[in-house]
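What follows is a set of structures to go through.
Each of the two complexes below includes chain A, the first together with chain B, the second together with chain C.
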Partner chain A sequence: MTAENLRKYGVFIAALAVACFLPYIGISKFMLNVIIYAGIFSIATMSLNIIMGYTGQVSLAQGAFYGIGAYGLAILTNKAGLNFWMAMLLACLITAFVGLLIGLLAFRTKGPYFIIVTLCFNFIVYVVIKNWDWLSGGVRGQKITGPELFAGREARYYLVLGFVLLTLFIMWRISRSLEGLGFMAVRDNEPLADALGINITYTKIVAFMISCFLAGLAGCLGALHTGYLSPTSAHYLLSFNFIIYLLVGGAGTLYGPIVGTFTVYLALEFMKGIGEYRFMIFGIILILVVIYFPRGIVGGLKSLWKKVAGSRQAEEGA
Partner chain B sequence: MLLKIESLTKRFGGLVAVDGIDMKVEAGSIVGIVGPNGAGKTTLFNLMSGQLKPTSGRITFEGVDITGSKPFRIARLGMGRTFQNTSLFDRLPLKINMAIARRMRTQSGFFDSLVPLREREEEADVARRAGEALEFVGLAGSAESIAGSLPQIAKKRLAVGMALVGEPKLVLLDEPTGGVGAGDISGMIELICQIKDRGVAVCVIEHKMRMVMGLSDRIVVLNFGRKIACGTPEEVSGDPEVIKAYLGSGYSA
Partner chain C sequence: MSYFFQQLVNGIMLGSVYSLVALGLTLIFGILGVAHFAHGHFYMLGAFLVFFLSVSFGVPYWAALVIAVAVFCLVGVGIEFVYRPVRDKSDINAFIVAIGMLLVIEEAVRAVWGTGNRRITNPYPQVLKFAGITLELQRLIVIGAAIVLIVLLHLFIKRTRMGSAIEAVAQDREGAALVGISVNRVSILTFSVATGLAAAAAALAAPLAFIAPDMANTLVLKAFVIIVLGGLGSIKGAILGGYLLGVMEALAIAYISPAYKDVWAFAALILILAIKPNGLFGGRD
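Moving on, here comes the complex of A and B:
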């Protein structure tokens, strides 16, 4: 293995190896629980990365799509009595379809206006879920029973790990495909992309639908793991959380969403002892990251690596 | 006739930026568009390539009515362009810039990226054509460089290459030598001639009169949004109205 490959895949392989044996290295039930949630949220953050990191459209509706996936799964299994896996696939497809409808509407606006439209949509979804008792169970919420196989915590851990890897694979493919080129063109220079024959609206909607499908998937997994759903599963604060995870990890990078989600989510869990003060500390860290590492932890490490490698080459050349 | 423009008009409020212009571009020819600042040259380009919708008039490209069409549709029909301010994907490497410019000629969508069967072939084709286009504009050596870090002349050349890589029949070049050092101008002229040699028609906006006169098959002169003259360089440079409006009495052909 060359040094280049070692750098590229070494960290990933090491992390994967640890992840494979994680439930059996003596970590507490509480810790495993936290890690499962971090995994689920990192799928949601990756979904945001498609539309925000690669296509440049900041969506504050990912919390709503997370909720639509979760409630879709609950309603399809509880009320329609569908098979769990069937219901899960259908819930994700429904989420993508809602994404299509919202996209057709919201992509008539740009920049800050798009953000506001998506935030409003998130708010509407939250209010609807809270008040449509007959469908969602309202504030009482509803229970979800997953398949027998995933009743245990360890089994759910591996299920989530599998879906994290699947999502990561999709992200990896997109980031180096022709479709991904179109996304990046729209992100970096819309008028030029348009002049070069790229259908802007179509590209944005495709990106948004993929993004919503994956947000819905995260919602399904969240519902399965919690076993219970309340309207907070579609809360707009979730959308803000996902944005923070993505910014800290690095928007438009492959591993950024996972790194960011685990860093922030775990840090906040560990700081629970100091109560609400943790958000103050966290707020300061966030500001520093945005100012000094505009491309997040992963982006920052990448440029640091480039500098180190560059100076090493310069030394060798001298 | 490749491109035909009939009594094209564009108003911005009370201002008539382009006023009833008729113009034709023959396949494989070079047409120079000249005129003082604010004459409506760039507005005319923006109308042709769809960035602006005309107030009235008609534009046909290869017999297809493209009046008011969206830019990406016009680009796909085979009209490429560059921008006056040299618009690029500044954060991305040159070869990625080229690949994006070729994207419209590929079919692969999201599902092809997951199961890359058709995608593999297309990616190889895109990479080959991107390489050829970089070679053509003389930037083959900096395929991995970031576009935003290039010097001005290289940026202009890259923009021309990106307009060409989608195999257009007509390219619109908006001031291809604007902001370029005097020593680099002859190279750009040579490049424009090579584009013509490939059978691609060129419409070029230029301020440097001697350059346009030497380069163009036909010249269109604009002033205050109106076409005041058109014809071969010899005809135009002898036109008294052109001399009065633009060239000044000191100019001799």
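Moving on, here comes the complex of A and C:
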């Protein structure tokens, strides 16, 4: 293994090894709980990365799709009495289908208009879930019971870990596929991509549907882990969170979403001791990160590595 | 029929507040391209400043209003400096800075005044009765003062050099810079005027309802809806859009369902943008 490969895969393999044995290295129940949530949210952030990081369309509706997935699963198992796994697959497909409908409307707009349209959609979903009592349970929320196999916390941890890895694999495949290159072409230069024969609207909608499918998956896992759903599962603040995770980690990078989600979510959980002041500190840190590290942690590390490697090469050359 | 007119007047009152907030936002977002999502929080902060002055210090209402507006014009200068490093970056960077800013403001207000609702004593609680409509005097003052402020802003932009500079930057930022207009100074001025307007709107409307740290959460969303509907950077669009949304909302609460009151506006926005992707009044790309 060359040094280049070691750098590329070493960190990943080390992290994976730790992740595989995490429940058995003596961490507290609370900590494991936090990590499971971070894993679920990192799937949602990866889903946002497809549409925002790779395709360049800032969607503020990711929280809504998370909620649609979660409520879809709950309603399909509770009201329709479907098998859990069937319901989960169906919930993700429904989320993708809603994404298709919204995409058809929203992608007629661009830039700031698109941001506002998606944010409004998220708000509508939240209010509808809150008020559509007989279907969603309204503000009382509703319970959700998963399969017996995943009643234990450790089992749910491995389930989430599996889906995080699966999503990461999907992201990796997308970023190297022709479709993925199409997404990035749309992001980098829309008129040029259009001139090259890429169907812009079609590309955006495909990216959006994949993104919604995965957001729905995250919602299903969130519902399974919490065991209880309330309208806050579809709140637009959730969309803000996902965007913050993505930007802190690094939009348009493979590991950025996971790094960002774990960094921000864990930091906020650890800062719970200082009460609500943590949001004040977090707000200030957020402003500084966006101003001084606009490419996020992973993007920042990448350019730092390039600089170090570049100067080393220059020294060797001299 | 008098019920309808009653709701109409309520809607116009609501629309006055929306217009003032949206005006500031359209100047900032439409002209400078900064998605100032914390604008509503400065409205909330303005309400709390008036509360602080009038309740804790016993400053008369109108004096508190003037002080609040003056202070917030200065605060606007500060906001501009926070945004300056991200002003020419992509929309989302400024948006995240705004989220950071609103987290700080909301928690600061919670830390100082607690999470509960507060109330500013209504300075003009007299009730007017006219053709079957009952109206608190303060509501009439909100409507009247909003019109005065809108006319003043119009005169400022059309009749003064500084105002013309704002309009020049709005029309063509590079062109304005080429003829020697300092974009930074215009930017400071814009934030100052916009934040002052938000404080004025807050000071006017605050005595009519409770004030709380989370009072501005949907307000800023609505302001964004208004300016997008009106066309980004369009002052006329922001004013008309504000009144339109206010009236629409009041009528929807009265005749359709209060639970879904916020949904109509947002649903209408999605549909209108699907048909006219650049807003009702054209707007810029």
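Criterion: the second predicted complex is superposed on the first by the 318 of 318 C-alpha atoms of A that agree within 3 Å, B and C clash if a C-alpha of one lies under 4 Å from a C-alpha of the other, contacts with A are read in each partner's own complex, and residues count from 1 in each chain.
Here is the rule we use: a contact is a pair of C-beta atoms (placed from the backbone, for glycine too) under 8 Å apart; a residue touches a chain by one contact, two chains touch by 3 or more.
If you're wondering where the values come from, they're calculated on a predicted model, not measured in any experiment.
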Exercise. When the two structures are overlaid on chain A, which partner does A:M184 contact: first (chain B), second (chain C), both, or neither?
Worked result: first
For this session: Would you mind checking which one, chain B or chain C, touches more residues on chain A?
Result: C
For this session: Kindly classify A:I291 by the partners it touches after superposition: chain B alone (first), chain C alone (second), both, or neither?
Result: second
For this session: Please indicate which partner A:L247 is in contact with in the superposed arrangement: first for chain B, second for chain C, both, or neither.
Result: second
Exercise. Is A:L48 touching the first partner chain B, the second partner chain C, both, or neither of them?
Worked result: neither
Problem set entry | Touched partner set for A:V206, first chain B, second chain C, both or neither | first
Seminar exercise, completed: In chain A, both chain B and chain C touch residues none
Exercise. Any idea which chain A residues touch chain B in the complex?
Worked result: 170, 173-174, 177-182, 184-185, 188-189, 191-200, 206, 210
Seminar exercise, completed: Counting only contacts in the complex, chain A reaches chain C at residues 52, 58, 105-106, 108-113, 115-117, 119-121, 123-124, 127-128, 131, 240, 243-244, 247, 276-277, 279-280, 282-287, 290-291, 294
Problem set entry | Footprint of chain A on chain C - complex, ascending | 29, 35, 82, 85-86, 89, 91-93, 95-97, 99-104, 106-108, 110-111, 218, 221, 224-225, 228, 232, 259-260, 262-263, 266-267, 269-271, 273-274, 277-279, 285
For this session: State the interface residues of chain B toward chain A in the complex, per the touch definition above.
Result: 49, 51, 70-72, 75-76, 80-81, 83, 87-92, 96, 99-101, 103-106, 108-110, 112-114, 116, 119, 122-123, 126, 162, 166
